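Both complexes below contain subunit A, partnered by subunit B and then by subunit C.
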Partner chain A sequence: MLHNIKDNYITSVNNYIKNFDDKSFRKLAGKDFKSWPDPLEETWRLSRLGSLSRKKIEPISLDAQEPIMSKLNVVGSNTIKFINGAFRKDMSSNLPKGVSLIELNESESVTFLSKIKNSNLKNHPSANASLSCTPSIVKLSVDKNAKIEELLEIHFEGGVESSSVHPVLFVELNENSSLSIIERFNHTGSLIMPLQLIEIKDYASLNSIKVFDDSHESYNLAAHCIIMSHKSLLNSFSLIKGSQFTRSETHAYLNGTNAKLNLNGVYISGNKQHHDLTTAIYHNVEECISKQIVRGVLGGESTGVFQGKVKVAPNAQKTDGQQMSKAILISDKASANAKPELEIYADDVVCAHGATVGELDDDQLFYLNSRGISKDKARLILIKAFLLDIISESVEETLHDFIFNEAQSALSSILKNEIEEFV
Partner chain B sequence: MVATQETINKVNEVGSAYKYGFVTDLESEKAPLGLNEDIVKFISSKKNEPKWLLDWRLKAYKKWLTMKEPDWAMVDFPKINFQDIYYYSAPKAKPKLNSLDEVDPELLKTYEKLGIPIKEQEMLAGVAVDYVFDSVSVATTFRDKLAKEGIIFCPISEAVQNHPDLVKKYIGSVIPMNDNYYAALNSAVFTDGSFVYVPKGVKCPMELSTYFRINEQNSGQFERTLIIVEDNSYVSYLEGCTAPQRDENQLHAAVVELVAMDDAEIKYSTVQNWYPGDKDGKGGIYNFVTKRGNCLGNRSKISWTQVETGSAITWKYPSCVLRGDNSVGEFYSVAVANNSQQADTGTKMIHIGKNTKSTIISKGISAGKAQNTYRGQVQIQKNAKGARNFTQCDSLLIGDKCGAHTVPYINQHTPSARVEHEATTSKISEDQLFYCLQRGLDTEQATSLIVNGFCKEVMKELPMEFAVEAQKLIGISLEGSVG
Partner chain C sequence: MSLLEIKNACLKLDNKNILNGVSLSINSGEVHAIMGPNGSGKSTLSYMLSGRDGYELESGEILLDGQSLSDMSADERARSGLFLAFQYPVELPGVGAMSFLREAVNSRRKFIGQEEFDHLAFVKEARKEASKMFVKDEMLKRAVNVGFSGGEKKKFEILQMAMLKPKVSILDETDSGLDVDALKIVSDGVNAQRSDDNAIVVITHYQRLLDYIVPDFVHILSEGVIIKSGGPELALEVEKNGYAGMINAA
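For the complex of A and B:
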């Protein structure tokens, strides 16, 4: 068991905050960071952090060296940059009218902390460590009734070896506003612990795309808390392809009637990567809809994990909760784990989940073979189709190509070992 | 099948309240209250057991002391005081019985009240019954006929005496003594249970059946069943349970182990209707059972069918370890939870051999304030090339205070295998209900009809003898849940 071992990293986080005032949000958060999740803990059983506790990692210092900016595929023109976990105004572009970006002051940060502590992220290592060590909590807010047409890009970069970065972002959509964002995680370094709170007020809607593409040595433990109000809408799509170990954990609270949530994701894993998509959707009030589609392609010796929980509270009648996860194994040494979970306390609901794990369909392969397409090429076509299907369903049309190319680059690197004449 | 009519009638008579609430007055011999090494020795010496078995029990007891009660299941009950239970109670020792006439008439009366007329059953469609009355088997019928085929069907305590090699070889081979908390407890203190051995190439000519009955107040029942089926053989085993009405919770921690060799098939069916406690959840049986089958041989098959309507708390996961190539595991389950019942039940399918196949069909029905959880695991190990699993678990909610939960685990480690899982949760369709009401059924009848339709896929797997009883039981269990 890990929790009794004095851990380097936990000690250094506690050192980091020891000079802060006792009432500081950093200290309040840090005092709960006593251990890594125990492997016996149900939600961490399949994604073990044991190796982290054996590593020498420290929270990144504020004067850490800046990365050489990678050339990123910029889709739009509005870019917000976080370097080493800190918001960099000097590198970010001007924001469209109706959008504001501020760093929270101490009392606002305490309020933020209490929101996180009220959620099931309260014991998440990223919640506690990141609130302790973040340069600042950054709040991105959209004014009431503001409909932002332009796409907003948020880049998270930086990181150095043996250190952890802690970008903390609070996205707030006020009543009847709308926004589209695309976030990319391109860190190097050892440990990335992004924490996000996304609040969507009445009638507001958010389109969100996340691409996890950190360097292959890193661990990314992203934690998201989503709070949705009456008639709000969130279309969320995550593409996980980077890191040696990525776990994206999302807790979504449907607290207003008629809220609608689409929480989709794709993971593409190769080599010895470990990718974990863990979600929990809480239907707390009546007549909300949640839909979830998850797809995974696993090559090399990788492992994929999907844990999806849908919890329907006793009074959340007329809930519609659907969930579907599919994983394809393309190498002998890859493995996939799924735990789709329903916890239902209301009777007038329609909830369903499905999960499949397997290889490509023999009949489909045969069909393509019989039309003169080589076996490898046929496999490639089918894998692409498998992903294209969900991408086109969950991403706005203008971003199809961009996301598909992102997926393709990951695919080509895992497939070249499996498929000889990769094209 | 004229004689079964009597069974049917008996079952029909079962009214709205729990009818099986009566206590048979039999003098019984008890071990002192509580559990320690001496109690384990007492049980062992009472059974006149060989040294190796006593050692085995003591080892299990020591392991048990170091283990913790599992707390991951979605059930909630006051902590059990394991020192407040009698671990041994048996009807007073009697000379060996040669025929049913020698059985205590009190006992026979109990079974009659249960709607299982023994004498009729003897003549009935080949059902041999191994009666377990408070942990000790008192009569076994049809043994001669079975013996002719070379089949051994006897209480496990007798098998220990007469077939020690078989027992020694297989006991604990499927469920190790330290498998889990309750299995360890059972290994230490099991009192009796059934033993079945089917030799090579024998199709058991009749359905083997045991009726369990918990009777003595505060006596935990620790049954141990071991079924071994050799190459090319087949057996179908029925297990049915009812218990008298009591105010205090009673613990039942059984262990069932099945072993199937090459081309062997075991069909294990259970109808469990123990006292579920009253409307407010007072009393009722705690049913913490470990059941596992080992498909050791190639092309072997193990099939679990269960209808769970009773017990205050059910914690039960009949599982299959598919070790032999091309072996097959099946799990069909109906779990009904009404009032304050809590059920956390499901299965594990562990695919080890090539081309192994498993099917899981689970139907959960929650009503009243009950919580019903399906918890299952499908694991495809590295060498299980071409393995195949299909899982379907559906839940039905009746009333707005109950809960239905689904917790499946899928662990897939080989690409050529295929795992499919689907689950749905919903309430009874208004249209179906309306249709039935319109045709003159009342709400309760209509509900029962619809629920039975919902469970049909599982019911059709039950042997004839059970199917009728099970259908009625579901109706009875749901009484008071509507309107």
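For the complex of A and C:
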């Protein structure tokens, strides 16, 4: 029999949970972990895990060696650290008033598990593997009516070769609260399987930025479940730049009227990187708004995927769902796939989607050239402009420079190969 | 010596002859107008001169200040002192007008061995030139041509011309989309650039623009050749009798 992750990894996960009590949430999760995504499954067709399946990977042991600390420049006021998937209170700063961070006990973990199991993440490998193997489920909660001014920064770091890490985070915004967080994924391991549940209660609002910048040999299979209530707001922006393979999958449930979701993302891919933003937005009640803008810049032999589904339930009248994805290919060998999908069962809705994959615009390039700006420089100017637009729109002003610099560093490394006189 | 010399320029697009032997000699200090009906090859001529990909000469030669342009790309030609004011200036979302201008001006200055502007010095210079063109500061903070009115776009073209100080400027239908007031501002801007060291080629359908930018010479382009050349009076003749009579006579 061939040894591959499908067999080995599931066996490793099952071995890992043997030591736990039969009633443990880990065992409940582990019993559902029977198969690995098959390339024939529609949602994994464009992001195949073939090369991952050739690696031998085991869940990271809790006494794994701590990595040398990264030199992430902190932009937030408070830092929360997850190392090797485990929350490290000793390395995290104190939290502002109104915010609490706890590790869930057994019964709370079972409740958490049932919420994930009730969502369409139930068969996601990160849901099953991470609920089985996480050191603990960590809950970040904002009190009712608390408006947190400080930016919370969460670092996910660590990782060991041939190991998988399993940070599981529950973000809960109670009624009428607000919070801004920036999460940064900077692992060095083989397989990163972050699992998150984000619950935004009535009138609460969350600004969320995620930067995926794991090391070049890593696979990141992030899975997010978002549940939104009446008049809640989520502004979410993801930048995917690192890793060999990152797929960020998000399922957002708009369960309260007048909820508003902005789910934007940028991926910058080079060499043989594969980046995937997969989203599903479920308009379950009336008068909710969801907007999505996704942009990709692809060089080298990289591939990009955007899969976006918007499902409007029969009673979700007056839904406004917009989705637009654009990818620019700057090398002949790069490719991008976009699969927007609308499933509408209500009759009074405004929904639109569009997807383009192309090269830079000839007229714009010529206009710049005709002003003495070289071809390479002109391409660079247009690529930056392509991203600057969406970054300014999606990110709070105080973080523009930070995100733009993060994007710029990724662009520099992919453009070096494409543009001779890169500046 | 001519500042711009076009020798027997022939060009095909999609296997169709568009320019069929255009010859023109333009000296320093001169303003030439090229007039012609739709489809006569006016815009092709401007793209060919500025070096757009796909508009390479089939035969013939162009010399800018004695130097052949044949092997030079559009950006090299621009840095060497050729400027094209677009009929339809292109929008560049996300590219700030000020940084675009600075990039362009510094490319040219570097090429001709002048010191590049630093940010502050450039902003000062740009504002000074902009105010002459009645271009508001606020416009320079926007993305290039995005949300500009027709008049603003053309003013911005001429502002670029003023700042780049080209040897030869080609103004392609600069009057299109302008109301009378904007036409006057734009024309004044162009006239302010006229000097003994440069030359201007005005490409236009109508005589109207030539009331404001008075040319030294007028050429009539038809089916890719210059069929008649003369002084400003030629433009008046076109205005009076149309192109048809002139083309038939040729």
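Everything below uses one rule, namely that the second predicted complex is superposed on the first by the 417 of 423 C-alpha atoms of A that agree within 3 Å, B and C clash if a C-alpha of one lies under 4 Å from a C-alpha of the other, contacts with A are read in each partner's own complex, and residues count from 1 in each chain.
Just so it is clear, a contact is a pair of C-beta atoms (placed from the backbone, for glycine too) under 8 Å apart; a residue touches a chain by one contact, two chains touch by 3 or more.
Remember, predicted model here, so these are calculated numbers, not experimental data.
When both complexes are overlaid on subunit A, subunit B and subunit C end up sitting side by side without clashing. For the combined model, the angle formed at the CA centre of subunit A by lines to the CA centres of subunit B and subunit C equals 70 degrees after rounding to the nearest 10. Touched residues of subunit A were counted for both subunit B and subunit C, and B has more of them.
When the two structures are aligned on the shared chain, A:Pro340 is found in touch with subunit B, with no touch to subunit C. Contacts of A:Asn369 after superposition: subunit C is touched, whereas subunit B is not reached. Contacts of A:Ile381 after superposition on the shared chain: subunit C is touched, whereas subunit B is not.
For the pair subunit B and subunit C, the model built by superposing on chain A gives 13 Å as the shortest CA-CA distance. Contact residues on subunit A toward subunit C in their complex (touch as defined above): 362-364, 366-375, 377-378, 381-382, 384-389. Of all residues in subunit B, those touching subunit A in their complex are 72, 74, 380, 395, 397-427. By the touch criterion given at the top, residues 42, 314, 317, 327, 329-332, 334-359 of subunit A touch subunit B in their complex.
Subunit C contributes residues 50-53, 73-75, 78-79, 83-84, 86, 89-95, 100, 103-104, 107-108, 111, 143, 160, 164 to its touches with subunit A in the complex.
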